[in-house]
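One chain, subunit A, links the two complexes that follow: it is found with subunit B in the first and with subunit C in the second.
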Partner chain A sequence: MARKLLLEHINVPGINTFDVYRSKGGYAAVEKALKTLSPDDVVEEVKKSGLRGRGGAGFPTGMKWSFLAKPEGVERYLVCNADESEPGTFKDRYLMTYIPHLLIEGMIVASYALGAKTSYIYVRGEMMPQIRILEKAIAEAKNKGFLGKNILGTGYDLELYVQPGGGAYICGEETALLESLEGKRGNPRIKPPFPAIAGLYGCPTVVNNVESIAAVVPIINEGGDEYAKLGIGRSTGTKLISAGGNLRKPGVYEIDLGLPVEEFLYSDEYCGGIANGKRLKAVVAGGSSVPILPANLFLKTINNEPRLMSYESLADGGFVSGTMMGSGGFIAYDEDQCIVRNTWNFARFYHHESCGQCSPCREGTGWMEKVLHRLEYGHGKMSDMDLLVDVAKKIEGNTICPLGDAAAWPVASAIRHFRDEFEWHVTHPNEATTRNFGIAHYADPLPKLEEAAS
Partner chain B sequence: MKVTIDGFPIEVEAGTTILNAARMIGGDIVPPAMCYYSKLEGTGGKCRTCLVQVSKGSEKDPRPMPKLVASCRTTVMDGMEVKNITSPEVIEARKGVVEMLLINHPLDCPVCDQAGECHLQDLGYEHGAAKTRYEFDRRTFEKIDIGDKIQLHMTRCILCYRCVFVADQITDHRIHGILNRGDHSEISTYIQKAVDNDFSGNVIDVCPVGALTDKTFRFKNRVWFTKPVEAHRDCETEKCGGKVTLWYKGEDVIRVTARKDEYGEAEEFICNTCRFDKKRTSDWVIEGPRKVSHKSVINSNHYDTLHPLPVVKTNPVLIEANKEQFERETRL
Partner chain C sequence: MLSVQDTNTPVTFSPELISKFADVVSRYPVGKQKSALLPILHLVQAEFGWTSVPAMDKVAEYLSIQPIEVYEVASFYTMYFLKPQGKYMLEVCRTGPCEIVGASKIMDHIENTLGVKEGDVTPDGLFSWRGVECLAACGFGPVLQIGPEYTFYENLTTESVDKLIGDLKGKANN
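Here is the complex of A and B:
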């Protein structure tokens, strides 16, 4: 059984209270960082650890921190992005609900490293219980002298605030989050300038995912080098995966990056296989916005090597035959699931959540949703698939923020890999409304790659 | 700083955007802009029609930019090379954007007061397809009344946010803004207040489409049947220069607008008194007829002749126009 770093004490009763958390070695990272390390040392440790942003993009956290502009006399801010709303992802909510002090501890260390005197946790509006939990945890930490003025007598001051969002997916985009935090409409800003130069209230700001910030705690406790030993290649450390869909044991799992996909999916330690003895048809590996893959391409890369749960291995094959780690929202589909309906459902989500600022995303997401709705309900045409691919292509890369890409990828990839299912919906409109296409050839072993003609 | 756009080099100051550098060069290589407005701070970046390809980042870092960038918000670097109309990707992407802008547009140009001076019309003519691939009902909105001077047609709106910036920067307070999100976003006032301010009329001038039109000119005439004349008056309103364009129909001034440059941007913002209330020739000092681009449909209303034009074969103007259209269509 692999070692857990974040969820080690998750099953200890009362771990959500300060005293129990402290007795299990909590807040040791704060003591170590504030008393023995300089802010730059902390950044250096995080850099050494190779920690990559856990929110979706996978940008190295240490690098992001070192980009932070540090002009004299200007406030700097750390903002924790807890606006987790990607369909299929629920790891941050789990973390905040059961072990809130881990996040608080990470926030203190990270704020210290960045020299922030005020930090915010921007929590999605729907997560009211988690907001209360966090506020209680902050009050506890403040009582014990881990927050507020002169923390542990080191002279470092930090105020930590929890800000509920309005419940918009777009506010998980970092600049939209900052706009929303400033009290404005949550529209993504046009970059540059990046938040590291001009973020919250025009000051240098770092925005990090909940899990990234929580991962700073084990990094400081054990040292960056130790942390980097876990994982594989440039995917270091552990990652929380929120496994959902037709699994025997759905839930949040902490895995070492580099775990074979097959083991994660079928071993009893993790997901335990597909529920009800069915077969796997397709997988969305990292939250709704990453490309969907059929079972055969997911378990094996195009070169017939086993796929691993790591940033690189999941992306193997690019958009043609690969997917992405994303935020770790792992959704498995069994043979009875309809990919067309699922794609329509995702498109509906992105249509609903588009902020409406730039035209390709505002108009294109609605268009894709309508075409997919038509396909799902048996009124589609053969030309619709090409239309969808074309519309997705026109949105992708032409928008202000990544939501446009996120809306385009699942549609484009579903058509790329499941085109015959879409076509079946057109040729058998009546059947399509009463039964599903089934697993077809999506779990068949991959054919051997032919040698490229030289 | 030296920047090359479609092969044309130009020296510009640091901090200039690609779009403004292109405007300094002028001609066909200027990217269209639906939401950027040089007189308003913070505009741009939203409509994505001005996308260009940066094939060389700068002298120091010659890597090309991975994605197309919005030229109105991207500042130039020394040695940057930009491709606008010479890049097939840009043309393709722009065509896509124009298609997106048009799928929910009502295309009610025959009854729209903006027709003839509408940027979306120009854009659709230049880049759009003749047929739509959109087979669904177009989006509609509940009508709201925003006062007795300005007419809002939300269905025509492309959400460029220009009018929001005008209200923020030109008037003393803003009471309208964007409500809702996604393709249901709409320009609206909070609890149906009337937009009423000395400079609120400028939202009409900045609107690139017919979403905000002048109620005093509504359905009065097509712009190409009117004669634009430059005029000025001593306006007592603070900050109003009183320099306007009067639009005549026969003897009557039927509309007053700000003077617009070749990119459709007002040179100076004018107050509501000039715009809505001074509609007699005696109110104004006439400077002379306004120059209208020969490409504009407004130019078809000639001052001197009301005779029908001779047929193409013998009319040099039409021969020239035909040639131009042929070139435009075969260029790509």
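Here is the complex of A and C:
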């Protein structure tokens, strides 16, 4: 069994309390960092670890930290992104629910490294129970001298606050999040300037995902080099995967990056295969925003190599035959699922969540939703597929924030890989809503490369 | 379309509520009290069941900002109710991963059981329901939540929904 760095103690009774967490070695990273390392040393360890942002974009965390501007006499902020709203992703909520002190500990170490004296955890408003859990954990840590003035007698002061959102997926985008934290509508800002230069209240700010911050704890405890030994290539360390959909054992799993996809999906240690003895039809590997793949292309790359759970392997084949790691929101679709219906559902989601600032996103997501709705309900036309691809292309790259791309990719990829299912909805209008197209050839072994090319 | 229900019912904020507001405001640098807006609107909604115009106006006054700055925020975010809701607002996740494990069936069942359409309130004022987007619990779907504590219910079945509605009715009648 692979080593767990984040979830090792998740099943220990009472691990959500300070005392039990501490008895399992908790807050050792705070002691080590504040007493024996300089802030720059901490940044250096995180750089060495190769940790890449776990919120979706995969940007190297250490590098992001080193970009933070440090003008004299200006506050700097660390803001934790706990907005977790990407469909398919539920790891951050899980971590905050069961082992909240891991996040608090990570926040203290990361704030120290960045020289922040006030830090915020922005939690989506729907997670009121988790907000209470975090507030309690903060109060405990403060009571024990790990937060507040002169932490552990080192002279370092830090206040940590939890901020609720108001219910808006777009506030997961880091500049929309900062707007929201300033008490405004969640409209993403035009970049540059990047938050590292002008973020919260115009001050230099780092925004990091919950899991990225939590990973700092084992990195400091064991050293960046040790962390980097786990994983494969530039995908270092462990990653939380939220596994949902038609699986025998859905849940949150911590994997070593580089685990073969097939093992993750079918072994009893992880997802345990597809529920109810069905066959796998398709997978969304990294949250609703990443391209959907048919089962065969997901399990093997176009070169017939086994696919691995790593940033590089999942992206192998680009958008033609690959996908992305994204936030690690893994959704499995069995043979009974309708890809057209799912694509319509996602398009509806993005239309609902568009903040409305950019016309291509605001209008384009609405068009895609409408066209997909008519396809799903048997009123579509053969030309609709090209129309959808065209709309998706016109959104992509033409918007202020990546929500536009996130809305376009699922639609474009569904049509790329499942076009015959869309066409079937047009040619079988009466059956479109009463029965499903089924699994077709989507799980068949991949053709040899030479055949595929001909 | 978003619309705010008209009401002239004046609101008063109790000293306890005001002290909670003050606690929130203390989290931000001096002059950045507008940051307290979202948390304060949650407190207002928990107290009054929704965010009415008179309540929003008082929040604006408290934070020394323009009323429009409150309205534009309350109408942007999905969690703030601009009209009264049932005492229990059942919010069911309707996004893809929950949908493939049966979210639509749960929403249909709730609609039939309560006898009201999405967004409407039952005649006894006890219930309303609506579909919401992914609640970050996709592996445990279908799921629903009920404010103001946002109590969470996972792996829903029509039976567990019946029991929940029955329990809430019992609780309300006691």
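The rule we apply is simple: the second predicted complex is superposed on the first by the 450 of 454 C-alpha atoms of A that agree within 3 Å, B and C clash if a C-alpha of one lies under 4 Å from a C-alpha of the other, contacts with A are read in each partner's own complex, and residues count from 1 in each chain.
Just so it is clear, contacts are C-beta pairs under 8 Å (C-beta built on N, C-alpha and C of every residue); 3 or more make two chains touch, one makes a residue touch a chain.
Every value quoted in this text rests on a predicted model; they were computed, and no experiment measured them.
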Of the two partner chains, subunit B (first) and subunit C (second), which one does A:P291 touch, if any: first, second, both, or neither? neither
With the two structures laid over each other on chain A, which partner does A:N342 touch: subunit B (first), subunit C (second), both, or neither? second
Pick one for A:A168: touches subunit B only (first), subunit C only (second), both, or neither. both
After the superposition on A, what does A:Y201 contact: first (subunit B), second (subunit C), both or neither? second
With the two complexes superposed on chain A, say which partner A:A243 touches: subunit B (first), subunit C (second), both, or neither. second
Regarding the shared-chain residue A:R185, is it in contact with subunit B (first), subunit C (second), both, or neither? both
One more residue to check, A:H351. First (subunit B), second (subunit C), both or neither? first
Of the partners subunit B and subunit C, which touch A:E363 in the superposed model: first, second, both, neither? first
On the superposed three-chain arrangement, identify whether subunit B or subunit C touches more subunit A residues. C
When the two structures are overlaid on chain A, which partner does A:G231 contact: first (subunit B), second (subunit C), both, or neither? neither
Can you give me the overlap between the subunit B contact set and the subunit C contact set on subunit A? 168, 185, 352-353
Within their complex, state which residues of subunit C touch subunit A. 27, 29, 32, 34-39, 41-42, 63, 65, 69, 72-73, 76-80, 94-97, 99-101, 132-141, 145, 147-152
Considering the complex alone, what residue numbers of subunit B touch subunit A? 44-49, 51, 67-68, 70, 73, 93, 96-97, 99-101, 103-104, 133-134, 136, 139, 158-159, 161, 177-178, 180-185
The answer for subunit A against subunit C in the complex is residues 75, 84-90, 92-93, 118, 120, 124-129, 159, 161, 163-169, 180-186, 201, 242-247, 250-252, 288, 329, 331, 333, 337, 341-342, 345-346, 349, 352-353
Which of the residues in subunit A come into contact with subunit B in the complex? 168, 170, 185, 190, 351-360, 362-367, 370, 387, 393-394, 397-400
